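I have a structure here, written as structure tokens, and I will follow up with some questions on it.
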Amino acid sequence: MNKLKNALPAMIQGLKNAYFPEPLVLGNGKTVQPKRSVMVYILPILTIAVVFSANIIGFDIGVLIRRGAQFFVIVGRMIPPDWNYIPDVIGPLLETIMMSILGTMIGAFLSLPLAFLSSDNIIKNKAFLWTLRMIVSLFRTLPILIFAFILKYIFGIGTFAGTLAIALFTWLIMTKMLYEIIETVDMGPFEAIESSGASRVRAFTVSIIPQIIGQYISIALYNFEMNIRSAAILGYVGAGGIGLLLNEKLGWRQYDRVGLILFALLVTVYVIETISRYIRKRLS
Amino acid sequence: MSENIQRMYKKRPKDWITKWSIFLTIVALIAISVPYVDYKGLTDYGQEIAKSIILGIIQPKLSLLFDFSSKEAVPYLLLETVCIAFLGTLVGSILALPFAFFSARNLVPAWLSAIVTFFITVVRTFPAFVYGLMFIRVTGPGPFTGALTLAVSGIGMTAKLYVETIEDLDKGILEALDASGCNTIQKIRYGIIPQLMSNFASTTIYRFEINVKNASILGLVGAGGIGYPLISAIGAFRWSDAGTLLFGLIVLVLIIEYLSGRLRKKLATGV
Amino acid sequence: MIQFKNVVKTYPGGVQALKGVNLTIEQGEFVAIIGLSGAGKSTLIRSINQMHQITEGEINVDGQDVSKLSGEALRHFRRKIGMVFQSFNLVKRTTVIKNVLAARVADMPLWKSLLGVYSKSDKILALEALDKVGILEKAYVRADMLSGGQQQRVALARCLAQKPQIILADEPVASLDPLTSQQVMEDFVKINRDLNITVVANMHHVDIATKYAKRIIGIKAGEIVFDGPSSELTNDHLTQIYGRDLQRDDFMGVE
């Protein structure tokens, strides 16, 4: 207790110094006024934000303590997984993989022309460029699940909606990644081919595409990796894949089967990421 | 045609092999994946739906959009979504710290790093949604569960990014501090922490951006935020409401992306 | 035949890069344009194939006013004009022959250029172009593996693959050392002589210009102040063109 009492004045002084730093006098007589550290603004704001948010979302530590252990119970029941369930998982898992493959390919393929139209070193009409990029950005904000959900109503339940959702989403994301790459490219050969009488599209084909092809494949593979994971949950809204199965098994508390599904997902993602990483390394 | 030219022409690389294999691979991939896609054509009112949604977004229902008092209206829902993301990211980032430190190869022995890295990779594999499905069964529906989900699922990716920062640490600074006689705590405080802080902060902000989007879809399973009202509006064919909610979501994400980008740029170039 | 009639180029903001240029160049001539940086050399050359657009006047090539062309007509016209750049402008990562073949895409269907499917005659044409500039053996080598001089020859071969009437060269040897510069300039001379292709070249270095070009055009502040055979270029003329005494930088160091 005494220790605290003695430390108190120093702490108060320290706090005061943080908010109102005193000028320091150097040995040679010059004074330096230290600036307030940014942290003194951030910490109080952060604290208030935390309290406010906790309130809004109904943070209840009691619930956490009481039910928290349940999480580990569930995880416990997932291991060991129910190996007998494998045959039932293969089908939906393949659906997930195929949806990702096709969706990513379509999205990647379509992103080339759209990125072409969005690059400021090729398209000189600022208004057009800005409008196009704005529209792409707008749609890019939507999570893929929303796409899938809406598409389900338009095209019906099943893998088509899922594949289309992946294709659209990948299209938008890759367009941005691609035009950012295109804008860093050496425009010299493009200028040369354009001066030989070729249209901008043809000049692009023969002078810019060779420069970006490696990166293009790399980002396509990266998106494919991401899409496999998203595809897994599209099933939840009925757009194909193992998402629905997962939810079902959770609902019926068949945690050992849930464990298997998760395990299958894990293995799939791991294999794909390894292959993808290998190819991407070879490309650079 | 001169002899030389003929000779060179014969020597030309047979790149048709590469081209054809790429072409065939692509065709093969398409061929195996297409059968899995069952196109049933448009649903009965598929076209209508598409049009209605677009209309709903372009002409949002202003009463829903600007109603600041109701918990069902856009402003509150967006606020709730942001709060879920905020707390989830904050807690997740703090939780990720120990994992990151124990997985960094320049801080702990190789065997420990391998185990923890494996763990992080496993956690990272599953999208937040999967955790959401699980946590709903643990803590019930509601925004609190959403925040919890984001906290736990975020550990994976956040820890991985932290590890990258840690492994890039400039050891030279530590050596200099060592040489001037600092103890471990001082080395950590003056040598390690400053280097890490700005990168960690940048990572956290980036994670927050992602989590705002995650929070909106967690709502689908009932974990709060704008997700559930959105889904029920679409499901009940209340296109105007759905469009309005989508509009709100788009605006929110755009603002967050913009602010996040600005902040992270400032951090990178030294605030 | 290239004809400039009262050509003016004014940039927004008032700066005049070309002030009433009148010029006639017959088919098969070898002309070098000299002058200070910013005097208008580049603008002059690039207005011929509309890489820069003029604000007033006419530029006639074989009787057609090409300064007003656009779209498909412009592209059609540009096929007759090859251009060589100071920085070579090759696609570094691809092979020499692919760079030369790129000159053919203007006439090819899109899918063929996308997939890199060139006809046998195109490939032979490209090889012949490479042979003309003396680097046939390097046809299948990656472009960035070549020296500067060799790369510029590939660029020249690329022009030849267009089967052009006119070749414009924007400071083609400014990045090269004296020896290589001379080799490249000799290629230009050979092409001009053997194929009767008009060569209009911007030159940074006066000695190279006078050594290889038959006719010199001196530009100062957007106006032509000298136009005559290179043999008639005197030091007084040079001082007038450059507005100052010549320095070492203005010479590459060849005799």
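Should a chain be cited, it is by its letter among A, B and C, assigned in written order, with residues numbered from 1 in that chain.
Here is the rule we use: contacts are C-beta pairs under 8 Å (C-beta built on N, C-alpha and C of every residue); 3 or more make two chains touch, one makes a residue touch a chain.
Here the structure is a predicted model, which is why all the values come from computation and not from measurement.
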Q.
Using the contact definition given at the top, which chains are in touch with both subunit A and subunit B?
A. C
Q. Taking contacts as defined above, which has more of them, B-C or A-C?
A. A-C
(Q) Can you tell me which chain lies farthest from subunit B, using the average of the Cα atoms as each chain's centre? (A) C
(Q) Roughly how far is subunit A from subunit B, centre to centre by C-alpha average, rounded to an integer in Å? (A) 3
(Q) On a C-alpha centroid basis, what's the spacing between subunit B and subunit C, in Å? (A) 51
Q) If you average the Cα atoms of subunit A and of subunit C to get two centres, how far apart are those centres in Å? A) 49
**Q.** Contact footprint of subunit C on subunit A as seen in their complex
**A.** 186, 188-189, 191-193, 195-199, 201-203, 205-207, 209-211
Q: In the complex, go through subunit C and note every residue touching subunit A.
A: 49, 51, 75-83, 85, 87-94, 98-99, 102-103, 105-106, 108, 110, 113-114, 155, 158-159, 162
Q. Which bits of subunit B are touching subunit A when the two form their complex?
A. 26, 29-30, 32-43, 46-47, 49-50, 53, 79-80, 82-84, 86-87, 90, 121-122, 125-127, 129-130, 133-135, 137-140, 142-144, 146-148, 213-214, 216-217, 220-221, 224, 230-231, 234, 246, 249-250, 253-254, 257, 271
Q) Taking the complex as given, what residues does subunit B use to touch subunit C? A) 1-2, 4-5, 8-9, 11-13, 15, 19
Q. Which positions of subunit C touch subunit B when the two form their complex?
A. 95, 97, 115-116, 120, 123-124, 127-128, 131, 136-137, 139-140
